[in-house]
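Chain naming follows the written order as A, B, C, D, E and F, and within any one chain the residues start at number 1.
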Amino acid sequence: MSESDIVTFGETMLRLSPPGNERLENAAEFEVRAAGAESNVAIAASRLGASATWLSKVPETALGRRVVGELRGHGIETDVVWNHRGRQGTYYLEHAGKPRGTNVIYDRENTAISTAEAREFNIDRIQNAQVFFTTGITPALSSTLRETTANLLKAARKGGTSTAFDFNYRRKLWPPDDARETLTRLFPGIDILIIAARDARTVLGFEGDPRQLAHKLGTQYDFTTVVVTRGSQGAVGWHDSVVHDHDAYATDTVDPIGTGDAFTGAFIARRLDGDDVATALEYAAATASLKRTIPGDVALVTADEVEQVVSEDAEEISR
Amino acid sequence: MSESDIVTFGETMLRLSPPGNERLENAAEFEVRAAGAESNVAIAASRLGASATWLSKVPETALGRRVVGELRGHGIETDVVWNHRGRQGTYYLEHAGKPRGTNVIYDRENTAISTAEAREFNIDRIQNAQVFFTTGITPALSSTLRETTANLLKAARKGGTSTAFDFNYRRKLWPPDDARETLTRLFPGIDILIIAARDARTVLGFEGDPRQLAHKLGTQYDFTTVVVTRGSQGAVGWHDSVVHDHDAYATDTVDPIGTGDAFTGAFIARRLDGDDVATALEYAAATASLKRTIPGDVALVTADEVEQVVSEDAEEISR
Amino acid sequence: MSESDIVTFGETMLRLSPPGNERLENAAEFEVRAAGAESNVAIAASRLGASATWLSKVPETALGRRVVGELRGHGIETDVVWNHRGRQGTYYLEHAGKPRGTNVIYDRENTAISTAEAREFNIDRIQNAQVFFTTGITPALSSTLRETTANLLKAARKGGTSTAFDFNYRRKLWPPDDARETLTRLFPGIDILIIAARDARTVLGFEGDPRQLAHKLGTQYDFTTVVVTRGSQGAVGWHDSVVHDHDAYATDTVDPIGTGDAFTGAFIARRLDGDDVATALEYAAATASLKRTIPGDVALVTADEVEQVVSEDAEEISR
Amino acid sequence: MSESDIVTFGETMLRLSPPGNERLENAAEFEVRAAGAESNVAIAASRLGASATWLSKVPETALGRRVVGELRGHGIETDVVWNHRGRQGTYYLEHAGKPRGTNVIYDRENTAISTAEAREFNIDRIQNAQVFFTTGITPALSSTLRETTANLLKAARKGGTSTAFDFNYRRKLWPPDDARETLTRLFPGIDILIIAARDARTVLGFEGDPRQLAHKLGTQYDFTTVVVTRGSQGAVGWHDSVVHDHDAYATDTVDPIGTGDAFTGAFIARRLDGDDVATALEYAAATASLKRTIPGDVALVTADEVEQVVSEDAEEISR
Amino acid sequence: MSESDIVTFGETMLRLSPPGNERLENAAEFEVRAAGAESNVAIAASRLGASATWLSKVPETALGRRVVGELRGHGIETDVVWNHRGRQGTYYLEHAGKPRGTNVIYDRENTAISTAEAREFNIDRIQNAQVFFTTGITPALSSTLRETTANLLKAARKGGTSTAFDFNYRRKLWPPDDARETLTRLFPGIDILIIAARDARTVLGFEGDPRQLAHKLGTQYDFTTVVVTRGSQGAVGWHDSVVHDHDAYATDTVDPIGTGDAFTGAFIARRLDGDDVATALEYAAATASLKRTIPGDVALVTADEVEQVVSEDAEEISR
Amino acid sequence: MSESDIVTFGETMLRLSPPGNERLENAAEFEVRAAGAESNVAIAASRLGASATWLSKVPETALGRRVVGELRGHGIETDVVWNHRGRQGTYYLEHAGKPRGTNVIYDRENTAISTAEAREFNIDRIQNAQVFFTTGITPALSSTLRETTANLLKAARKGGTSTAFDFNYRRKLWPPDDARETLTRLFPGIDILIIAARDARTVLGFEGDPRQLAHKLGTQYDFTTVVVTRGSQGAVGWHDSVVHDHDAYATDTVDPIGTGDAFTGAFIARRLDGDDVATALEYAAATASLKRTIPGDVALVTADEVEQVVSEDAEEISR
């Protein structure tokens, strides 16, 4: 069994979206892409040089094969439990600018992964990795998955593997109270927390600016590292009681979905590569900014392109 | 409340299909269309001059609105219960010729309609119609719907409305034994049965050629009319102890899905308009043959086009 | 005959437009959509909760059927005279930003509607409505339609139906002098006038800011309500000698065509629903701003989305 | 002024057609192409080695520029009168196989060419050519064009230019009686007549098989050459009292429109190049067969490809 | 290093093809897919259950990354030398039926692989496989590759790995004499030869029916196994002095490119899995027939689908 | 031989670009367009009223025919040497906004034009023109072309034809030192130089603001006219020792490629038409600004549209 630097666990959906700014109610065609926070993170990490494997449970149909194939095509390894009964999760995405806003309809109940138990996965793969990663979406999907998430985090810690977790609160999946209760229970098993300032406030009830949020979270729950993201104003990283800060880069956004996952995947990959938190934040912000120029959830970037953004060396046309 | 000649009840899905002969596993885009046996039948009937209403229960989302809008755009009335919780049913369709064959993946569990009860619908609308129609797909979708189907058929009969039923066995929805048991229990409430010769044999266990099947079914279950379809070899119609017969027309098929529904809708519309069974079979076969030249489930034909096929008056180019 | 809150009368064209910013001179494909000021208004009104019917005369061809089907699909009723001879009107649309600008080529001479006379329509439908609506485009299309417009406005008034009129001057259809002479002759039969500040100045010869224009128009012609729109700076509404004012909302525009119709349809629907002029202007501006994010002439919005804009509650991504 | 071997005169339309076998009533997009019998013939002739110029009158709009540009792109010269008022003609095309058939809706009234008079064109260009060509469609378009067609044929004859004419009866443009009366009046000015066997029978009232039709036409009207086409059964050519005969080639047809024009253009080009009638018929049939494999009205073939068909040297894959 | 059952070596191109039957000369868009005989074979083998790795040398650009990603997405492993200088090979493909035929324009000179030497590859990977496979295309690409092909075949043999070779003569790459001279020199190092009957005749100069060709080739060059394919009439397999025979299956072909590669990949996979030659030929023919229904070079089939064809158990619609 | 006002010489490629902002690594389709600096300039000049011919050497394939046909379709004449061996040059283009930027991959080695010698072209055509134009890209393509460029410039000068040259340094084609050495050697034969301020600095080593650069270049190399462009800040023109200046117009850019060529073509056309340098700069800037709203390399504008920009008379919608 080959080993990966980072192993992620979660659901990857088919994302169905009308072209351009057409409406779901009316479009003749939907673009189709594999999309899910945990595979997005694996891909972003892999694009920046980490080896990455995505673990999941998928239906044994053309749809499940499609998800797995598309992810492999983006450069990561996949290790999935094939399932004869559960559905393939999907989400419908409608892109729009102001004031309509981009909108998501989830259709992910009773999916294949909803019945996934820890014993179905190859725990060695997790324990041989440097980092195990999942997000707050996974335990939101089923009660079985709440348990499975906890068990996999435990297994990772037991194997000496670092654990990283993106809080990723999704209002359309569960109410804030359920999320807070479930996710804070997982916090003791987590080394690196990534969380949006908004979630820290509205779900966890913290107050203050992002620097204060990072500090409070880090000290209260004893994380090694806390990254608090704040949309187009960048992110702060708390580590060893120090808070670092990096602005977002200016972008011509064509698809905002997956920005946070690109950020997180790049941050982890650069940390694994030896960067300090400040430098990793810089590359994470650059990767996130490139993602926003790319249609789809996934950060199909190269390490060279990220370097170019960091060195602010872009031209309108490169020829 | 306006009245319709024919009222149909059932689920209409989003049909998601790759363009041309692309594979679900690989296509970049899916074409999207509303599709369901009972709305297909309503549309075909409407195209041949009957007024038609489709009853259903749909999710109160862009997807549900899309289904309703698309059906209205094809010329029928819709009378639906809007639902806050159930899913929008979908099916994935991959077109292919020999030897691959066209393939369907259903994703229609826990849909909005699966919880529909008879009391949610306006029974007057059914009782003021000439014909109430549904198919063997509806009771296959949930146990609630088995009961609802039975109740609506009873209500129709009570209101003096004729009942028509397409057997439509779907192997991917339920096993033959369940279908036989459930559907034969509905037979006493049905006036007009449409059934594929193959289903009569493999699900109901009858033997013989289509003429014999029609005769046996008609006499055993006391239907008014039985139509047995036999694919590219046309159909036979049993009525008043007489069996009529009509061949299928030659077609350059681009989409075989919905052929049977086009046949059934046209048959009912022509019978309502006063045709004898032999003539109605002829128009039904013509409508079905036109359907096969049209992408999508739906028979977007005109009555004039059907007449032209019946009169065998076609040209390669009309200009 | 079912009754509608609002009945509109006018021509709906096929709109043929290259994808994206391609040129008509060069594009391999044109997108096709039904489009016309009076059906746009009916749809916007219907989306905000009014029942709406569009009256017209259309060719009895696949093109005429398409227009009718597409409009029904957007939720309104249609009541049309089918015509064996006239053409289906079309317009060619080329989208572009600065400095090219979006450009229209009309091809709407000798269309089916150009011969429409008042006696061809069901006058009861107009007289049973709350509001009858048409625009300055209709009388620009033929001399017969000048008379028909006048006759339908008279019939509405006679039936106690309010009359609403969007001035909608189109330089490519007729010269300003003809428009002024023809349209001011209709003014005595109109209750609610909607007019662009630019048209009030360059066609009617009024001077002043939008508030002054509304006041002058209202008092000189004895309208009940006058709405003067001023592009991205919003609109003013004059009613009972008071002038109300609302700014436009910021938008990421993908298609500016139909903005005014969305505004007007929403304004009428909200007024019918009991809003005062100031509130109706607010919802109208919100509907217009959403329209600008949607490809096509038509405001495919929901009342909920409009509420969200009014409450300024939007997110970049809703999930 | 450069000289061309063949000069053709007629209207070229925008052809608007749904992709694949979609219906006009429903398709989201139309493919757009320049299409007209006389420019089709010019292009086919040019592809087989003749120099060709198309004369016409077109609107001075993006649509007119598009038609001219597209034709130039296919290799011919254009010499057009730009017009500020008339419309750009269009036709809507719906492709279908059996039993639906391919269907055309013309929208070509009051087009720019309908007012074209002979004095608007450069007569020298016609008189310096080897062949002047037009079809029975041109005089069907307006009474002015009936006169113009007669005048241009006269001018050609006067300049010693051969005249060729495709009868091309279009039922949707005029009744058979009008066509017969108008077109037979032009016959004395025509050297080479191309006519479908069906038109010779149903419009002109001749009887007999194609060989007999050719012979009767040739002797009755004193043509130099008569070609009678008979669809998928090929064509016969009458010349110097001898009748030659060639079968059509087997094809996998994707677009039958323009088959006859490809045939005619190739026939004329090969005759100009010195072929006898039998050989020219062979190349004409080969060019027509290739056309049927190409989407659009136009025979975008090469002379080499035609040679390959004639030598029956094709492979399934050439690599 | 993970081990594969089959290792293939060769060039994979970007295939650029107009949609449908459009011409290269005219289409607005080209479909893009990775395509190459040796990766096609690896993918077909993998789809039938063998593990497969493709070796190559590709440019370190978005185009090279695309090829590698697309192949990984289809389920195989890739092990490539990234190159800073050579081009990405492409081919332009125009699909057509009779009499035009499908046509290929190669653009593969000076590509990255043309400079590939045996020492650049991981020979262990070849020597740990069961089968090493390449085709007659590879040595046609450059003189360096002639040597490299010979060296890799030698290395395989030395490591005890079986060698398989598809003769694949391409007229547009080299003349028959060069091919014969070069390829027969490789024959002593080859265990399994696959060759089209046409190539055996026109390039190698053998005579006789396919059974005779297989026998003559097998005995003359001392192959273990010889498969002679004969297009739509199936294939024969010679092994242990016995000739086996299997017809092709009937297909509705949408893309004939890659049929032979699908056949070969399936044949090798089934032989590796223990099938006798007769059975392997049957599965190979079934896989090839499915390929013809799939757009693109690649046999995106499942083992289940192949089984269904072998058991002749297909339906027009599976639902 | 007809004469043109301007004759240009250079390579025109197939431009292959994913739709929208898709990545080359992932897009299912590429849009295809003919694109090359010298034909871009010819087309822009022609659009502003000059007659223009493009000289080149192209492969005798569907790809070469496509390039020639597409350019003729845009309104210019072409006079090309057809070649049996060289490749068709291509370039891959990926559009993106900040911070990714638009990116180009050239694939133009060993193209047909790379072997073009002056004696292959019709020198009379150059010597009968008013202006002969080429760019710094042409001599970058091969050593043969360095000589050919010099010879054609000499021939032009000898025939009394003005010579115009766009410096157009392309970093991905050659290093700055080679470019400087080669191109400055051509300077004595050039009358009108167009150069980007950036190239003047980084390739030629000049310093100063654009006005100073123009002055220094003009006096040092004895040009008649020097135009220095400076991106979105417009351009300066030096002539008769006077420097003129014009800002760029504000644009909503959809495709920045070809902006400079549009500028140059318009500048030359207007100078030929008698404009002074200041006025020509104004029209050049307007044409360049329109180009940025048009997909593709080519300025498909009309003279009227350019006038409208110059008169700053645009509307958001013209109807």
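List of remarks:
In the analysis below, contacts are C-beta pairs under 8 Å (C-beta built on N, C-alpha and C of every residue); 3 or more make two chains touch, one makes a residue touch a chain.
Please read all numbers here as calculations on a predicted model, not as lab measurements.
Note on connectivity: the fewest chain-to-chain touch steps from chain A to chain E number 1. The greater number of contacting C-beta pairs, out of the two interfaces B-C and B-D, is seen for B-D. In this assembly, the C-alpha centroid of chain A lies 45 Å from the C-alpha centroid of chain F. Shared interface positions of chain E, defined as residues touching 2 or more other chains, are 20, 23, 25-26, 28-29, 65, 69.
Chain contact summary for the complex, chain E toward chain B: residues 20, 249-252, 254, 286, 289-290, 293-296, 300, 305, 309, 314-319.
The residues of chain C lying in touch with chain D in their complex are 16, 19, 23-32, 61-63, 65-66, 69, 87-88, 90, 92, 94, 105, 107, 109-110.
Partner chain E is touched in their complex by these residues of chain A: 2, 65, 69-70, 72-75, 302. Those residues of chain F that touch chain A in the complex are listed here as 20-23, 25-26, 96-104, 106, 170-172, 231, 256-257.
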